[in-house]
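Think of it as A, B, C, D and E in the order they're written, each chain with its own count starting at 1.
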């Protein structure tokens, strides 16, 4: 398949941010300009790839082909993930342009690290080789930790340290799984492993190791403790990145491995039910904790823990209903990425303007930032799964799958999660309507920061209306197989 | 991760759990076929067109060159992360003892020569960019320990250029060969060897400088 | 979307959505521009409705439909049909009047751009609810209605308003979740949610019937929250703390009617009346409605605050519509559907009067209303017409709907419903006549709580004009019921389509 | 020939035991400085193991980077931590 | 029971020891050492099983992976050590703050 014209777009998606990172590291004064230019270029290429992709493409790097060389693969699933990281990436880059304008010292470090992280993300979504996934995962982890520690406060450093330890542990567990799979079946290419893997103890051991490693990095319920301090104490563009994109990368790998290697061996319902249960616990625990928080960014971080729980409901539902469940999960992930990024940006504006993020006395600040509040509310609507939003479509598809599967306990979890999300988000939105006296004139928020938050929030509404083309893109080369 | 001075019963249960894991994984390993060649035959078959004679270097820089490129990016970004965290904290610079002062004068030129040899030998035997870079880095650490400081002229963009030289060259070559061989990182056969050597030379240099920068533990010349 | 007719439903929505979005962006001080935008939006919508009514009345076959496919078998569809046009006409007429009223009422109040922005969004959602061609689009606009009315309820910003807003949210979001569950479950069973006259679930196999009963309960519970059926009505009296135009909009035009309209859609165009009766869910629905009618009237008796009394009266009045629908007979259905319009006109008049009294004389309690008839004769005249209508005295519109409901009850063989109607009329009289008596024959106090002087006229023109128009229309609709253009004739046209 | 394989087995067995024992001591011994020094020794023994497994490249890399550089980083961090403790004690006491 | 598999089992032993210390030990430097030892354990598994090639040279692909792994490990350790120093500078003690003391 390497003969016919193989478009260079996927390769550009990886090398452009890398070149951007190198240049913005050397030419420090022009780092912001370079960063935003790269962001726009990557966004345009991602859109071009989306429109030009008709069949899944396999790109053999170096021309060597699967067992020996490394391949890059683009199919519906990786395409949607690339679009997600391109859209949120462009939004965060513009936001960071405004945010770091007043902090040149941090900006010098932010841009190369962020573009390096973007390289890792795009490389990860395109990789078809599990060891290559390990290297991209490590690149992602290190740059995410460095970005999380950018703030320099005690809380940020503590959170970043714990995040680094958990991330390294997850990577090592994953690597041990890679070693077992390589030595058992003689290749690290996902497609070849899919063909050669058979239901032996070594495959089960690799499945357990890699799954534990990856759910550690995705902060699924029992291993979620590291996420809230790290995401809440980071600076707001970084929190937006971490919650919207970084956490989903390891989920994407778990999904890719599960679909192509482990599911065909149908390792019994135990694994899927367990993952579904952990997801359900994550939804409940995350939402209840979010309800309890008194600080805005911690509330949003716990909301991430909750929303990630929904993604793991896909495992038991897909076992019963097939690809429809995965389409719902990916659509939820996509709309959560945009909504969460907009939420953290709006929260960032409020914290920047008010000087604090205590929810209790937020009302004076909120009424001085109508655009940020509108962004917060619209993005919140998508997180609650109320129409018209992408979150609603995702929730609808997931409910449909759960009802068709006849597994009513997941239906209850999805509905309760939605209501709890409404509770902790309206707790914050409610402050917009108090009669607080108009507050002092604190440091004004650059307009670009408010508008990017609003545009991303409106994006979630568009996701609620412009659904069929996205679902069609997701289905190219039906990544989720034909279903049971 | 658990709080300070974990309770004894917790230690015991963790230990028990880990022994169980160890036993299960060991049993799985013993179950693997005792004799398996892995990808060695395929590598040997393609050695002729790989541009180098040593299999490990061929895998590192040609067959799985994309991995190595990303891995050098990891090293660079780690250095970036270290720089973003703190300014350089040179080791305690009270004047070194007589023995330590004399050591670098003899050793450093030898180590640089050693690094060059390792780099060259990488094409035919064990050696290559990483080992050469490591030796260069060790030489740098030795110099830093004995009070040598990076001249100010070299602390600005020149140092940063050196740091990105390795990855930059790899990216340049990777993209430059696309028109010739039609695919990323596809070195055209006649020049494959020289290209690999070029990449390895710059990679070795920038890995050495990066390791030295990591030892400094921060950005030289940055104010905090 | 090929024929230009397909753009008409969107134009209906846009006529209130676009001004709303622009008003959101307007700074607080540009009053004149905001007023112009508001009124022009309302007038354009009214003209559009008039044009469509004329069009539909003559060649009924033409189809205005906008369709956007979201998920392969599920699309966002807006369609114009007689039932939808009844509700759209009511809401656009009353929206124009309520806008005029609100402009007068909120003179100099803070946050008016925000208020009128959400005001327009709320009407857009109402029109969307009316025009929805399938249950999915209905659900979308139903939830959008919740989101756009919450800011109106809490607009005042006082602690009481925010607590009322919180309880409003809890009720409506739980209701929304029940409706969502019912809709998705129905979709998994039938595969399509398009509203079709006489329902589309009748041909499902027998084994699905228990599931269909559960789905019916879920849907009616979800809609019942907004239609204020008894156990779910708690939010409505508390929402009275909002400004008068908001309570008028909520109770006569938008929220409550959306719930009742939803029940009409579900019973007629999802289940079909005969199938609902055969499932045995119609009678329990009638019983719940009856309980609400009686309970609402009894609670209204004990309220001294005028707006809370009107709120409980709304709780009972809306259930007339529900009971009309639940009686599964064509005549009762005509009574129920026409009451949708009549109750709207009468209740908005009463709320406008309550607003006038509060705004001009600072009267909130009924005990303070003695002799107010002498001070504000026109307002009290409109109030009297509205009150008579509520009781069901002949010339006013309320009598027509109660008359058809009673006939329908006999025709459907549910004679006990007539008893319920009679008791409720007596209760209506019990809580309205004393108010009229004190207003007209009581002795006015020396000084009103906060009397504001408007020179020769009794109150601001913008407050008085809408009140009189709605009062007069409530009367006219009653008197001219037999003419072809009256809501009664329109209701008969709708029922013809549903039953035969 | 049998003796060579026997010797080989003995060496491998010894290396494995030393490796495990060093790892345990690094993680369980009292002082941090002692742990770092033992860790450097662990790196060197590991290089020997790589040689025994016919992986000269890895042995070189391990010796230079694993033992050498990581050791240097650990020692310099340890020195800075002690300097920080000394400064904190002196701040505390002054 | 060839030597290669035995070495691989030793690698697993190192991995388990490291994981135990990572969880139980509180001092951050100890945790970083534990992570390094776990990494060496995994590399040992990778390289040892490469030696199962019947005769002739061992499989070079795991060797390349291990070299990449070692460089990544030193990068991660360097970042961890500087982060540790910054944590001690700001919080005064080389331990992780208790998770629930936000």
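To be clear about the criterion, a residue touches a chain if its C-beta (ideal position, glycine included) is under 8 Å from a C-beta of that chain, and two chains touch if they have at least 3 such contacts.
None of these values were measured; they are calculated from a predicted model.
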item: Intersection of the contact lists for chain B and chain E; value: A, D
item: Set of chains adjacent to chain D and to chain E; value: B
item: Chains partitioned by contact, chain E not counted; value: one piece
item: Interface with more contacting C-beta pairs, comparing A-B to A-E; value: A-B
item: Identity of the chain that, by mean CA position, is farthest from chain B; value: C
item: Chain with minimal offset from the mean of all protein Cα atoms; value: A
item: Of all other chains, the one whose Cα centre sits farthest from chain E; value: C
item: Whole-Å gap between the CA centroids of chain A and chain E; value: 27
item: Distance between chain centroids, defined by C-alpha means - chain B, chain D (Å); value: 19
item: Centre-of-Cα separation between chain D and chain A, whole angstrom; value: 38
item: Rounded Å distance between chain A and chain C, as computed from the means of their C-alpha atoms; value: 43
item: Multi-chain contact sites of chain C, meaning residues that touch two or more partners; value: none
item: Where chain A touches two or more other chains, by residue; value: 131, 135, 138, 142, 145-146, 149, 152, 162, 165, 176, 180, 182-183, 225
item: Multi-partner residues of chain E (at least 2 other chains); value: 13, 15, 19-20, 22, 45, 49-50, 52, 57-58, 61-63, 65, 67-68, 70-72, 74-76, 78-79, 81-86, 96, 99
item: Pairs of chains, among all present, that meet the touch criterion; value: A-B, A-C, A-E, B-D, B-E, D-E
item: For the chain B and chain A complex, residues of the former touching the latter; value: 1, 24-25, 27-28, 31-32, 36, 38-39, 42-43, 46, 62-67, 70-71, 73-74, 76-78, 80-81, 83-85, 157, 160-161, 163-164, 167-168, 171, 174-175, 178, 181-187
item: Residues of chain A that touch chain B when the two form their complex; value: 2, 6, 8, 11, 15, 18-19, 21-22, 25-28, 59-64, 67-70, 106, 108-109, 112-113, 116, 119-120, 123, 131-132, 135-136, 138-139, 142-143, 145-146, 149-150, 152, 162, 165-166, 176, 180, 182-184, 186-187, 200-202, 205, 225
item: Interface residues, chain A side, partner chain C - complex; value: 381, 386-388, 392-393, 395-397, 399-400, 403-404, 411, 415, 418-419, 422, 426, 430, 433-435, 465, 467-468, 471
item: For the chain B and chain E complex, residues of the former touching the latter; value: 1-6, 10-11, 14-15, 18-19, 21-22, 25-26, 29-30, 32-40, 43-44, 55-56, 58-60, 63-64, 67-68, 71-72, 74-75, 77-79, 81-82, 85-86, 89, 130, 207, 211, 214, 217-218
item: Complex contacts: residues of chain E adjacent to chain D; value: 3-4, 6-7, 10, 13-14, 17-18, 20-21, 25, 27, 29-30, 32-34, 36-37, 40, 43-44, 47-48, 50-51, 57-58, 63, 66-67, 70-71, 73-74, 77-78, 81-82, 84-85, 88-89, 92, 94
